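By written order: A, B, C, D, E and F. Residues from 1 in each chain.
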Amino acid sequence: MKGFSHLDKKGKAKMVDVSEKPATLREAIARGSVYMKPQTLKLIKEMGISKGDVLGVAKVAGIMAAKKTSELIPMCHPLNITSVHIGFTLDRKKNKVDIEARIRVIGQTGVEMEALTAVSVAALTLYDMCKAVDKEMTISEVMLVEKRGGRSGVFKRS
Amino acid sequence: MKGFSHLDKKGKAKMVDVSEKPATLREAIARGSVYMKPQTLKLIKEMGISKGDVLGVAKVAGIMAAKKTSELIPMCHPLNITSVHIGFTLDRKKNKVDIEARIRVIGQTGVEMEALTAVSVAALTLYDMCKAVDKEMTISEVMLVEKRGGRSGVFKRS
Amino acid sequence: MKGFSHLDKKGKAKMVDVSEKPATLREAIARGSVYMKPQTLKLIKEMGISKGDVLGVAKVAGIMAAKKTSELIPMCHPLNITSVHIGFTLDRKKNKVDIEARIRVIGQTGVEMEALTAVSVAALTLYDMCKAVDKEMTISEVMLVEKRGGRSGVFKRS
Amino acid sequence: MKGFSHLDKKGKAKMVDVSEKPATLREAIARGSVYMKPQTLKLIKEMGISKGDVLGVAKVAGIMAAKKTSELIPMCHPLNITSVHIGFTLDRKKNKVDIEARIRVIGQTGVEMEALTAVSVAALTLYDMCKAVDKEMTISEVMLVEKRGGRSGVFKRS
Amino acid sequence: MKGFSHLDKKGKAKMVDVSEKPATLREAIARGSVYMKPQTLKLIKEMGISKGDVLGVAKVAGIMAAKKTSELIPMCHPLNITSVHIGFTLDRKKNKVDIEARIRVIGQTGVEMEALTAVSVAALTLYDMCKAVDKEMTISEVMLVEKRGGRSGVFKRS
Amino acid sequence: MKGFSHLDKKGKAKMVDVSEKPATLREAIARGSVYMKPQTLKLIKEMGISKGDVLGVAKVAGIMAAKKTSELIPMCHPLNITSVHIGFTLDRKKNKVDIEARIRVIGQTGVEMEALTAVSVAALTLYDMCKAVDKEMTISEVMLVEKRGGRSGVFKRS
């Protein structure tokens, strides 16, 4: 199964052996969006002016989830991440909240999954906080946008 | 903050009090899709014929994540879910894998977040298993499609 | 070892058997205080006016910790708590933040430990958020103030 | 928000970036006390002579909690702690049990929160083990007493 | 796949749906043994006379692991266990420590896996505590010995 | 208590201080067997030809458990393991499935407990997947077979 690093020659799952790789600075940036009704976005924005609890709770959830990545994704290596940054942008035109997570580590493998997990759980928390007013929110375009460090060098999504 | 059940009158976060609600059968169905290169989908499909480990690992990850929902989503109530079903459909035309999770519980509150979390973590696991061949996979259209049980009755996404 | 319910006749630890107890509504309220420098309290208060993130993060941490109680306290029974409420009061005279947690459940045993754990972890998080400006903060007077439900009836700390 | 390292310029929560800090030996010592009725202390002491299970269980709980610190405290960095030592002293004059935790690590950031968490959870466990005979026990004076290693050098509480 | 309840008709893993089953009292008893050198057993026994920490720590570990069963075994339903009892017997003739765990719950499914997990983790902890003096200890005969409650009635291993 | 590294001079439990040990490559291999009825083994084998889900799920469970070792075994140090390999062998003559786990890490202490935990949880998962057809399966001969790295050098079970 050429290229599928988490599968051995017989197609069986394994955790890739990174024992021999050097511990270097690695960084990954992921993004995603939560689409919602205009009224839902307006409510989130109004709270942002006063107290900001919806986005505040989503941020804490995303940061804590980043630390749980290797418990959630079976073949992920445990890593002691050294930085998590999560930001939100409210897009009034497209009625969505954009989420961006940037994770850094000194480690033997990359933090793509940590960044994607942080975005996903922040998005799920946004859904949870707002679902009483809008059950049809949709989480979309969760993707890796940048990755650097390690042997494979810099990746930037085109 | 009318309608935001997880916020009190001052916009502060809280866990909704469901103590007085009866424990009834509740069910939720969520869906999502992982878009990828045609070649990536082809590889997953070929493995499905022989061993199916990529989808097999993603399914186990989704089931285990459903049980972790209240650890990930800050205001979620812990629930002893009684059933998790996760299914995958390979869509060769649109080059995506569709994921569906159905969760059931006898409980005092619904399992939307459990279903959405199961879909999200299954999707993240798919990404992790295939990222060596396709870093540009995208997780999209994660949404609640159906929910039944409890006072608010049946919800079906239009 | 009369009275120590978590010890058997030989003084060995055990988890008390609550299988035969009925599931009833139980509630517990705990309190605690974090003492700090006047300047630290002033900074927290100023943020409370604008964004409130220190207390906001501490509240989320306390709620999530309440759900983890049976993972932390060895002889605690797992319970699906149905309500968590955490409140903070800034005391300018005594230079402290008072924390109160109220937990409810329909269960076979009480939620004292959940309330005490929520207060403790909210207090620890306050410490963590402010430790760069004040390493000498002290967590004190963490105690159960009220408990109701179950065979032993109402307890109110005098 | 000068000095609050876990808040960015807008007062929003973040996990401090320690990626560039060197991994060095760091140590922290925290203390706390559990106040109780004379009779409760006497019972604990008597068990200490024979079997010691109350303090034994509290010690295991404290050690395991130290390892869970970054799961409990939202902005805490995960660290692979290399040593945990927890000790108890019975104070018959003041009717309290004093708890001390000392944690060591080779890491990029300090272990104050790990030491404070170990003390807090050991104290909560003492409460849990003894609550059937004494619901009015109080956890107080949980504080950092010493910290060494890292750029900021030695801290000793005066 | 007749009989394999955790597999669907195509041999794919699933969590069995127990939503319709009544919550009744269920109990399971499991056993296992740790074989060791005579000298290792002697050391454990001598400690048992004075402080008993090896068995004490193993017991706490087993109780806490019982509560984690559904996090470890992918298809296991989460359950709020209401009683855990773990006992040890030192067998000087066969140079082994026998471990027995008895778990009870009011639930919709049985607690065999909880009992087997408690025995296994208590055994692993015994190994960990003694491995500096005896790396060749062996964990054997971990088995379900009794199970009652639920539709399938009483099971006793012959 | 000479030789019991997890006990101090008074026989009290502690986590060994490994702060001063160098981080080196360490590896451990553990094995164990699940004995079952011939018919149960036959069913597992038949599935292995088509879909392999029983062994597939057990493998994922074992890998994820290896990452949880320090949460399960009280005195275990947390470690960022860099490789997990789990293999199964079906033994038709003795009606058992043999499980082998090999773990690697760059760390300050060994990974024996991680390897033994991976084997144990994979075995428990096998039991769970097959228990509807065979409640009398037995987990036996769980043992460390090899260990290398660190000051104590190579250990091979005779």
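Here is the rule we use: a contact is a pair of C-beta atoms (placed from the backbone, for glycine too) under 8 Å apart; a residue touches a chain by one contact, two chains touch by 3 or more.
These numbers come from a predicted model, not from an experiment.
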Handout entry: Touch-network distance, subunit A to subunit E, counted in steps
Key = 2
Problem - Number of steps on the shortest touching-chain route linking subunit A and subunit D - result: 1
Handout entry: For subunit E and subunit F, chains touching each
Key = B, D
Fill in the blank from the handout: Greatest centre-to-centre gap (Cα means) from subunit E is with chain A
Problem - Remotest chain, subunit B as reference, centres from CA atoms - result: D
Problem - Rotation, 0 to 180 degrees and nearest 5, that superposes subunit C on copy subunit F via CA atoms - result: 180
Practice task
Look at both sides of the subunit B and subunit E contact and report whether the same residue positions are involved, with over half shared, or different ones.
Solution key: different
Completion exercise
Chain-centre distance (mean CA atoms) for subunit D and subunit E, in whole Å, is 31
Practice task
Provide the C-alpha centroid distance between subunit C and subunit D, rounded to the nearest whole angstrom.
Solution key: 16
Exercise for the section: Give me the residues of subunit D that touch two or more other chains. Expected result: 12-13, 51, 53, 56-57, 60-61, 64, 68, 71, 74-75, 79-80
Exercise for the section: Report the topology of the inter-chain touch graph, choosing from line, ring, star, complete and other. Expected result: other
Handout entry: Full enumeration of touching chain pairs
Key = A-B, A-C, A-D, A-F, B-C, B-E, B-F, C-D, C-E, D-E, D-F, E-F
Completion exercise
Within the complex, subunit D is touched by subunit C residues 1, 3-7, 10-13, 32, 43, 47, 50-51, 53-54, 56-57, 60-61, 64-65, 68, 71-76, 112-113, 116-117, 120-121, 123-125, 127-133, 135-144, 147, 155, 157-158
Practice task
Spell out the residues on subunit D that touch subunit E in their complex, using ranges where they run on.
Solution key: 51-53, 56-57, 60-61, 64
Exercise for the section: Spell out the part of subunit C that touches subunit E in their complex, as residue ranges. Expected result: 12-19, 21, 23, 70-71, 74-75, 77-80, 107-108
Problem - subunit F residues within the subunit A interface of the complex - result: 25, 56, 59-60, 63-64, 67-68, 79-86, 104-106
